[in-house]
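In the two assemblies presented below, subunit A is common to both, partnered first by subunit B and then by subunit C.
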Partner chain A sequence: MLRYISQRLIAMAITLFLIISLLFFLVHSMPGSIVNDPMLPIDIKERIEAKYHLDKPLVVQYVYFLGDFLTFNFGDSIKVQPKVPVFDIIKDKLPITIQLNILALLFTLPIGVICGIMAALKKNTATDHGLNMMVVLFISVPSFVIAALLQYIVAFKWELVPILLSAEQALTWTKFKSMILPILALSFGEIAIVTRYLRAELCETLNSDYMLLARTKGLSQMQATLRHAIRNSFIPLANIFIPMIFSILSGAIVIENIFSVPGLGSLSINAINALDHPLTIAVMFFYSLIALISILVVDLSYGIIDPRIRMGGKK
Partner chain B sequence: MTTNNEAILQVNDLHITFNTFSGKVHAVRGVQFDLRKGETLAIVGESGSGKSVTNKAIVGILSKNANIERGNIIYRGADLTQYSERQFTQIRGSKISMIFQDPMSSLNPIMKVGKQIMEALRVRNISKAEARQRAIELMIAVGIPDPEKRFEQYPFQFSGGMRQRIVIAIALACDPEVLICDEPTTALDVTIQAQILDLIKQIQKERDLSVIFITHDLGVVANVADRVAVMYAGKIVEYGTVDEIFYNPKHPYTWSLLVSMPDLDTSSSDELLVIPGTPPNMLYPPKGDAFAPRNRYAMRIDYEEDPPMYRVSDTHYAATWLLHPNAPKVEIPDVLKKRIAQQTERLVR
Partner chain C sequence: MKLETDNNREQNPFEFVQREKQLADEKFEGKAIGFFKDAMLRFRKNNASFVAAFFIGLIILMAIIAPLLSSFSYREQHIEWALLPPRVPGIEKIGIWDGTKVMDIKKTSLDEKYKGSIVKVMEEYDMDYRGRKIPMVKAKVDMYELKGAKDTYFWMGTDALGRDQWTRLWKGTRISLLIGFMAVTINVLIGVTYGSISGYYGGTVDMVMQRIIEILSGVPPLVLVILFVMYLGAGILPFILAMIVTGWIGMSRMIRAQFYKYKGQEYVLASRTMGAKDRLLIFRHILPNAIGPIITQATFAVPGAIFIESFLSYLGLGLGAPEPSIGVLLAEGQKVLLEHPHLTLFPAIVISILMLSFNLFGNGLRDAFDPTLRGQE
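For the complex of A and B:
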């Protein structure tokens, strides 16, 4: 197990290295200059660019960049919050993004699981058809459309919750109320995905031979479903768990802008727009890190639920 | 033969259909048989003939789209077709148990086998310690070496034959009196098949079980069964004792089954005849005898009316117009005659 984890960690480090290298070249190939004030004299512009090594060939810049990176020196922001270390900016924006994502996940999973189980148990009934319609609707409508609709109807028309995120720092009731819409907007599509996936899996396990055997040994349909079918149908759920985290994270970039959430999502947009390279790279690096860690965690937890993986069974 | 004549299970005129998108599938069309105490009854027929469906009806595990249209299943005086799910949970496992074709998929892949055996006992409120004790005894009884260690293992750590042993242990856990084996050896290697057959025979004797043994392979039947019922297109077309079916078969379908059965003596493959044609589509059950289109002895009446069961002896019945007093005399095919002669010869020797 330990060997497996350390192998995975090494693979992760290599992946991260590739990601940041790619990021570096991608970000630096964006057109435009950080100095975009046309009134600035040309020699000042050149001096500013020289300060950030922007006048050197890209490969040289890359070597500087890697050197900084390996010493965990992520640099300072150039434009979004000049001279503030990027690390501090991210630290500042992170909590609200994490709060939003975790709440969305906490909301998505149980509801998606319950809907999926209900649809499978009530297969081909009105409940199933109703849920199916919801699934199709929420999978096909993008989250920002849902966000805009929610904002317009629930916040603007009905005035039930604030239109934008409350600026309060602590997680108070008003703050929470203003977070409801972004959470919903982030969750609906994911709930639909979980529902659809779990329904399919559970229908299959419900028809499996071991369900028949479980019933012939005297378990009621209910007991057999609870003890055998549902747990087995959860295993493949781990497959969509990682994409789900990614999709909530990336959905948050747009949703945060719609609801003016001062989080990582809006930060990354600002950084890209301002050509604030160190900040952009740091934010993207951070996203990648979260992604890789969640893949690792999910892979490890796979083993916890499925003995065939834990014990390295061949078949 | 240890059988007496007390029937503990009777299936009468059972009709089962399935609702499907393309229409009603008439899977079982008037099945009739009884199972006597302590006997092994083999049900033989090509795949799709309705063997599994009939027996799933006995244990009450038909899928939701199934309808029992007609007939009844009498077990100890009660009609199982009228049973509710709750009543069925009372008798499943403890009175009537069933094992399935594919041991690879009959066990829950993520639950320890020991726990899966115990579960059968635990749902009947037997304490954990006792259930564990009995599960281990069962594992010994079905021939699992090193049961204490195996108890803690998962199905993927077992071979197919060992898994089928575990499945049998589960089926036996609550001491049923009827055991239905639905093609229990079909998915296994030949050598393993023989071992599992021996095991079933052995536990049948030890526990005086009444066994329904489903198979599509007549070759297996001679070994395990006391009586044989031959099933075709949702009906039982011939039944009798093993000897009657093997040495004095009356139904042309039974003939074809016997002829197409591989035999140690059949050296040249030309004698191994394959039954021509395919079983009928049960969405549109044919009028008359369902076997007629594949039967080279078929007469006009075969396409018009279903033959009744004709009595051959007290224990032997067959549904074929050939047994009608006015039917032309049709002889058993020569290949089959030769085989029967060979077999009789071997017995005499």
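For the complex of A and C:
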């Protein structure tokens, strides 16, 4: 197991290195200069570019960059918040994004699991068909369409919740109220995915022999499902649960924009549009890191949830 | 003893039918049903998918002919007619889409600015403004009358620059569909080739090719697409290219799995012993097994591509200005969502129906090609 983990970590490091190199060359070969003020004298412009090593050849810049990167120094932001270390900017924007994500997950999982169980137990009945319709609908309709719809109907027409996120720092009731809509918009698609997946898994499990045994032993359908069937259906669910964190995170880029949440999503858009290279690289690196870690955690979690599975083992 | 058998023979109720006749299989009645015909028969039974196929056809048809139906082009601007609500001839008599809008107006300006264009005054109230009471009315205003566009009809209203939303929407649908179909076609071609080579030859070739895929799929696709669009600039072609970078991986994995499943089977071995070349084995004997999954997966990939396109357009990383796409229209609509919901409503409906139809259509195709998968979404 330890050997497997270390192998995976080495592979991950190589992937990360390739990603960061790709990021560097793509971002730095983008057209346009960071100094785009036409009023600025040429020599000042050159001096600014020299300060960030932008006048040197790309390969030299790359060496500088790698040197900084190995000491976890992402540099300072150039344009979005000049002279502030990139790390601090991300640290600043992270809490609200994480709050939104965790709340969305907390909302998604129980509802998705309940819907999935209901659909599987009531297979081929009106409940099942209704849930199925919901699943197809929520998987198909893009989250930003749902967000716009919620914003217009719930916030503007009915005036139940604020239209935009409140600017308070602490997590108070008013802040939570304004977070309801973004959370809903983030959750619907994921709820549908969990429901569909769990239903398919449970339907298969419910037909297995050990379920019949459990019923003949005298357990009720409810007990048998909750104690025996669910456990086995959770293994494949782990497969989609952790990528879900990442999909919510990337879905949040648009949702944050719509509800003007000052989080990581809007930060990455600002960084890209302002040609703030260090910040862009850092944010994209952060997203890649989370994606890679989530893949690793999924693979490792198989062995913990179901001890019969041995990862990386030979035949 | 002999008597007994004789007796038995007399009582035996059975007799031989064809001692002298020759035995032959009966000739088949009717025509043989091929793979696609069989799938079509099953597909027809699935009502939801059939309706979805109809809607896809309708939207494609509208994307082709609808811009021709309108007298405005998609980049024609009428600044004085900006942000008109929808107005459709015929339906306007019922009271919806009649080009009116409920507005809060100062009572004093009723007779000056809005003269002649008030359809109905709904309620009167007073508004406190810095201690003074200002009489206000909530009135239904005929925007077309107000902005001097009395005899024109914008079926879905106009946007902030006075461009016809109907033409722009269908033009945008055309571009979104084009991007979706192009990206998926190229992805299928690359994926099938890559997967076939990797799966058929196996060994070191497979190992190297799979490591390349592993690295590529390690990068979050969204990050990669964003970077590519940034790098190549806005436009239809960069967009398609950006979606190709990682889009083919899923297809190639599926094809590789198919090759692993079939390449060891006896019929392949038989063909090889008879001297079949690699090319023949790949294209003639193994690949056709995957035709169903290929079509199904490609169908599911189209809404995915359209989604990514509108997602990026929504972030402002999409197509450049005059070209509309559904995502661009939605992003423009979002800015004025609260005042002019019609600009968001119609693109939202079209993209929702499009994605829904493609998903249902894909479900139907999957069930039709492989009935054993039915029920597991």
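One rule holds for everything that comes next: the second predicted complex is superposed on the first by the 294 of 315 C-alpha atoms of A that agree within 3 Å, B and C clash if a C-alpha of one lies under 4 Å from a C-alpha of the other, contacts with A are read in each partner's own complex, and residues count from 1 in each chain.
Assume a contact is a pair of C-beta atoms (placed from the backbone, for glycine too) under 8 Å apart; a residue touches a chain by one contact, two chains touch by 3 or more.
Quick caveat, the model's predicted, so the values are computed rather than measured.
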item	value
Touching partner for A:159 - first (subunit B), second (subunit C), both, neither	neither
Contacts of A:235 with subunit B and subunit C, given as first, second, both or neither	first
First (subunit B), second (subunit C), both or neither touched by A:208	first
Partner chain in contact with A:223 - subunit B first, subunit C second, else both or neither	first
Which superposed partner A:43 touches (first subunit B, second subunit C, both, neither)	neither
Of subunit C and subunit B, partner touching more subunit A residues	C
Residues of subunit A at both interfaces, subunit B in one complex, subunit C in the other	none
Residues of subunit A that touch subunit B when the two form their complex	207-210, 212-221, 223, 227-228, 231-232, 235, 305-308, 311, 313-315
Subunit A residues within the subunit C interface of the complex	11-12, 14-15, 18-19, 22-23, 26-27, 29-31, 132, 135-137, 139-142, 144-145, 148-149, 151-152, 156, 163, 196, 199-200, 203-204, 246, 250, 253-254, 257-258, 269, 272-273, 284, 287-288, 291-292, 295
Residue ranges of subunit C touching subunit A (in the complex, touch as defined)	214-215, 218-220, 222-223, 226-228, 230-231, 233, 303, 307, 310-311, 314-317, 330, 333-334, 337-338, 341, 344, 348, 351-352, 355-356, 358-360, 363, 375-377
In the complex with subunit A, residue positions of subunit B that touch it	56, 59, 61, 63, 85-86, 89, 92-94, 97-100, 102, 105-112, 119-120, 123-124, 154, 156-157, 167, 170-171, 173-174
